[in-house]
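Presented sequentially are two complexes of subunit A, the first with subunit B as partner and the second with subunit C.
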Partner chain A sequence: MSKQINVALIGNPNTGKTSVFNSLTGLNQKVGNYPGITVEKKEGICKLPRGVKAHIIDLPGTYSLNASSLDENVVIELLLNKNDKDFPDVAVVVSDVENLKRNLLLFTQIKDLEIPTVLVINMSDRMKYKGISLDIPYLESQLQTKIALVSTRKNEGIDNLKTLISNYKELSITPCLNASEIDKEYFDNLRKAFPNQLLYKLWLVITQDVNFGKTDRNEIDAVADFKTKTKADLKRLQQKETIKRYQFINNTLKKGQTIDLSTAKDLRIKLDRILTHKIWGYAIFLVILLTIFQAIYDWSAIPMDFIDSSFASLSEWTKNSLPEGAFTSLLAEGIIPGLGGIVIFIPQIAFLFLFISVLEESGYMSRVVFLMDRGMRRFGLSGKSVVPLISGTACAIPAIMATRNIESWKERLITILVTPFTTCSARLPVYLIIISLVIPEGRFLGLGYQALTLMLLYLIGFGAALISAMILNKVLKIKSKSFFVVEMPNYKLPLIKNVALTVVEKTKSFVFGAGKIILAISIVLWFLASYGPGEEFNNAEEIVTEKFASKHLTEEELQNEIASQKLEYSFIGLTGRAIEPAIRPLGYDWKIGIAIVSSFAAREVFVGTLATIYSVGSDEEETIKNRMAGEVNPILGGPLFNFASGISLLLFYAFAMQCMSTLAIVKRETNSWKWPILQLVLMSVFAYVVAFIAFQILI
Partner chain B sequence: MQVTLAHLKRGERAIIVDVSSINIPLKLLEMGCLPGNEVELVQVAPFSDPMYLNINGTHLAIRKETAIHIIIEITNE
Partner chain C sequence: MNHLLQNILAFTLLFLALGFLVKKFFWKNSKPTKDIGKHDCDNCH
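Now for the complex of A and B:
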């Protein structure tokens, strides 16, 4: 068996760790120009020269080994636990050539843990542009390490890095600094109390914030004659340590790095003057949001119509060309319409992911954090909550994960709880189809009514998130210290490859993820809709023929009557009508009721469910939209999807918590069932009440 | 003249003098906010909060509540 070594990629946020990881492993993990893209451990395999196999671990970014948020803590826990199966044989510290000084702080800390270390200086393509030159051999000797100058964008230096890693046995483990210099007496005592432990590791264990350290302190408290210091004293020592480290780094860089400012160009200053401006900054942000909605609505209409009619013909073609039987009708009436209900939304979803990924890759996201912090604080949130709220428009699951870099637990918890209100891409299918049925097509100030309605729904989503955050902020009695430090990265031209990859990967996983659920649900639904108990179903032909005997119906009309009688008395019809009393006050019939119940698995199932139910009862080739438009309200008459019931449905979907995966993630991130259950109950009850009021007023 | 960082105006430069207050998060020091370093105000949000700073080449934003604990010396107008 060939040997396998553990290689951990460690570094400040946004230095390109994941980009290096992708280059080494050939995988496609998400990359973005915002500190805090990676929030959990990611693993991959890389073949190195001379038959060495490396197990590569990508970690969240951290500014130092003193954790101040959950994502940073992942790194510290790994490095302090020698028994962890992932404990690195080699630490690859990834730094950004433009911020070398700051990046080296973490490097010197890792060196003090006596782990073999390679220093990657990434983004070397930016050196010329910034007028930076480096004396690599000098830096290597001062920092007691091997350096790989890398540009993952230009794919340079990766082979050199691989060679350096494979020679890991020759790497020096001499520390850069002597930890005990910080406070000689204290560290001497420490050494006496724990003669077998690494001094700097002890120091880290002692100073880890109690909020984050699951590291074992008891061991230290147990030694009676060892005097612990007060928190304030420890903090003073940490400050001293930081200053010492920077002194060392400054001295090293004075000789090892030259920056020629005359050749340095800075686009940042000019852009930031406008993009973070008190007035223009907000105006531009608004314009960007408006453009996104218009794009989602207008630009994707053409491919959508095409997909819709293609699926209708596919279903028809299947019916005509396959031999008649249960399987054919399952395919033509269950599976194909169900899948069509999701494929139709690919264009919109792709646009949405495209915009979000461009915002992330360009560096604009941090500017939004800056602009919004003060406003968000009023609602008990942090400027950093804006990122989950914006990326929540794609999907709440990654958005909730993205809260991990919020330092304050209270702000983080509130963000997690309110993020599901933002209009995620799974709501989009429901919104789009209902808007197209009940909102007229006219235009106002160049924006279509329909696009405006969609935007209003997004605003309602954000509004609900903010207002409930404000309430939670008042209600929740959690004390946690809050501070806010956010790095503003350089602007970058989004790399087309990265953006395209994100769009393709995300769209794919949306379609396949939803596709699987829809496939299962549409098979079950088709079965329930095609069979039924009792006389009314099994003898539908006779009953209907008898009932209409005097009316002289054409053959076709008669067939339609039979089909609807069958659907009504099928298993699904009976179930649907059992729940109908609960939803009739909202303006829905039992078919919509079934669609709502099935969308508690995932919202996007709504359209597919309706498509399946409708096509079981009919023979004609019809698009989903036309079928919905043709439905008649059984009690009130007139179209089922009218203004009142449409608005009521839209509002129901805006507020209801209908996503099991989100609930599972909330459970994981908050470590308790209390919060997801609270979310489910409160949001759904609220949705019901609002939908009820809306329908009763509008009818 | 020594003032707090909250008094810094746009375009002014200053040197950081003292960061020993317990209210300053360690993270800020680790990002380079240390005595002797130069600080410049790049941009402020409405009500001067948060503040977008350039500290020795590191660009970051902090809230006013943190800025009032950082003592600086303004070097030019």
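Now for the complex of A and C:
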């Protein structure tokens, strides 16, 4: 027998739904210690006792069934629509033992929809720190449900939960609150008008439509027209409902939960006082940032050099041991250097994510959010915008999706538009290589200039995001108001497993996601650089030999001249030189121009592109870094990557909108081409202007 | 290995790469999500 039941994981944000989901399904969805990590439905399969299979759905966190933002709406739409293929047979409400009161509000609402409901009380490992004890049998009888006391961290209670889920048919579906208690007259009328429908569900549909406008739920569509009350009255009733529910919950918890404050440790309060302090809070944050950037530099220098020289040797070895021909050259000059351009950054990317995930998991990131919230309003952003802005340091795409929990459309739009300014991990490779070429290695107070520059670039990114938010706030004519409650999760010792998983996942997605694009682009570039139209390319040997006939070059010098003549007249050289006039004022040559153009697919491509272009036709074994350092500016002489052009390039990458995938997501999230195009044009023009000014001043 | 084989291999890779890029960036039929853009939650509060 193999039947499948639908199980939905529902609960307040940050209660550990995704952790429970991972425990049940064995999958590895992202977990983080602040609200709003999950913004979309995620699905998985779990085997229950007696051969039953459960289809588990992880949902975004929601505080109640009276939705105010899009991610919350996902939950309600699912619960109201019996025809949805994911409509749950059992709802598992995940609550957090420390916030039981607030968590139970949602529980009572779901119970009232007469869906079989299991209550998970998660984080039971925290009970003894907090001096909490629970009378489970009493709570079960009051709430008319089955309770699983779970700690995903200690892996306790999961088997019990599986048993409860598989016995879902035995769960009582008696509601907690009789809807008529809210307003007898109104609900009696409602019942008369729709005798066959569940009263509480009708009520939700009505209030839902008040909040969100009609959505297609043909089944009980007519309800929306049941308007005997004004919007304001309905709102009042909603509030009354909440009050009634809290009365019920308070009564239940009075007996079912005891908290012995004397055993509770107040370390958290002390820590919070320092970490969110008006001055110390910022100072500590700055110190943490500095440490992180310095560590990224110090720790990754050795593996980076090792990888760089290994790839150079591999290239050389390939060239020498395979028979000569197009394929061998493609491998040695296109594919291997291109791959080297990705692999070389694995150490830094891994360290970056190591730090980010430790900060997230420990609960410190939420304090940063709180800290930043104070200043955010001035820029027309909400405190909730901080989460996308900070997670933008990994990648703008999930960050833009994370804006779904911002209620106000205007704030959400502004956040979407400015998030790509935050320094994403794709910019890191470009920054690192250019910084290592143009910023001296010295140290100041134990901090390397290079690490300081890197941190400055991150701050510039945030700064640009904030300032453009402020401008957008003035320019966009959208009415908006919103409020923000920061919820501060507890400090937790980061779980090594979670941290390790994040690091591995992110690094993998960097290597394989960007890697495929970089590889493909390297191949194409190699062809464009190795073939060319016309006389100058095809007869390069004769032309060059003739030209230098009187100069008595060595054989090697002659070969180099031929190679550069060929590159210059190859397809890519011709294209590059066509765009060169546009980028020369920024201090770049045509090769950098090509790298910039290909970076519009994805920024990481930059280094791989240069590696490929420089390798074509070259015979020496050289690392990417040395090749770049050896380039000479064709017009001004001196190294091509000098302080002026380096800074100009860094600033260009800091501001330009060079990521097709982000544009696609912005299109999807705003449902129009207008915003992504605006973003692309404005950001890139701005980048150009800033890079131009920087180069002209510094030169 | 003769030059012909080398060329065949190299160009096969080129076409695979081109195919991948085209599929990645131009083929993506972005399915429009319903109404996210137009919705204004500001009226909710």
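Some points to look at:
As a convention for this text, the second predicted complex is superposed on the first by the 679 of 699 C-alpha atoms of A that agree within 3 Å, B and C clash if a C-alpha of one lies under 4 Å from a C-alpha of the other, contacts with A are read in each partner's own complex, and residues count from 1 in each chain.
Operating definition for what follows: a contact is a pair of C-beta atoms (placed from the backbone, for glycine too) under 8 Å apart; a residue touches a chain by one contact, two chains touch by 3 or more.
Predicted model only: the values in this text are computed from it and were never measured.
Within the superposed three-chain model, A:277 lies in touch with subunit B and out of touch with subunit C [touch as defined at top]. In the superposition on chain A, A:409 contacts subunit C only, with no contact to subunit B. When the shared chain is aligned, subunit C comes close enough to touch A:323, but subunit B does not. Contacts of A:664 after superposition: subunit C is touched, whereas subunit B is not reached. Look at A:527: by the touch rule set out above, it reaches subunit C but stays clear of subunit B. The intersection of subunit A residues touching subunit B with those touching subunit C, taken from the two complexes, comprises 68, 483.
Contact residues of subunit A toward subunit B in the complex are 63-64, 66, 68, 99, 101-102, 105, 232, 235-236, 238-239, 242-243, 246, 268-269, 272-273, 276-278, 366, 369-371, 373-374, 383, 483-489. Within the complex formed with subunit C, the residues of subunit A that make contact are 68-70, 211-213, 322-323, 325-330, 335, 407-410, 478-483, 516-517, 519-521, 523-524, 527, 601, 660, 664, 667-672.
Looking at the complex, you find that subunit C touches subunit A at residues 1-3, 5-7, 9-11, 13-14, 16-18, 20-21, 24-25, 28, 30, 32-33, 35-42, 44-45. Subunit B meets subunit A in the complex at residues 19-20, 22, 25-32, 34-35, 42-47, 49-50, 52, 56-63, 66.
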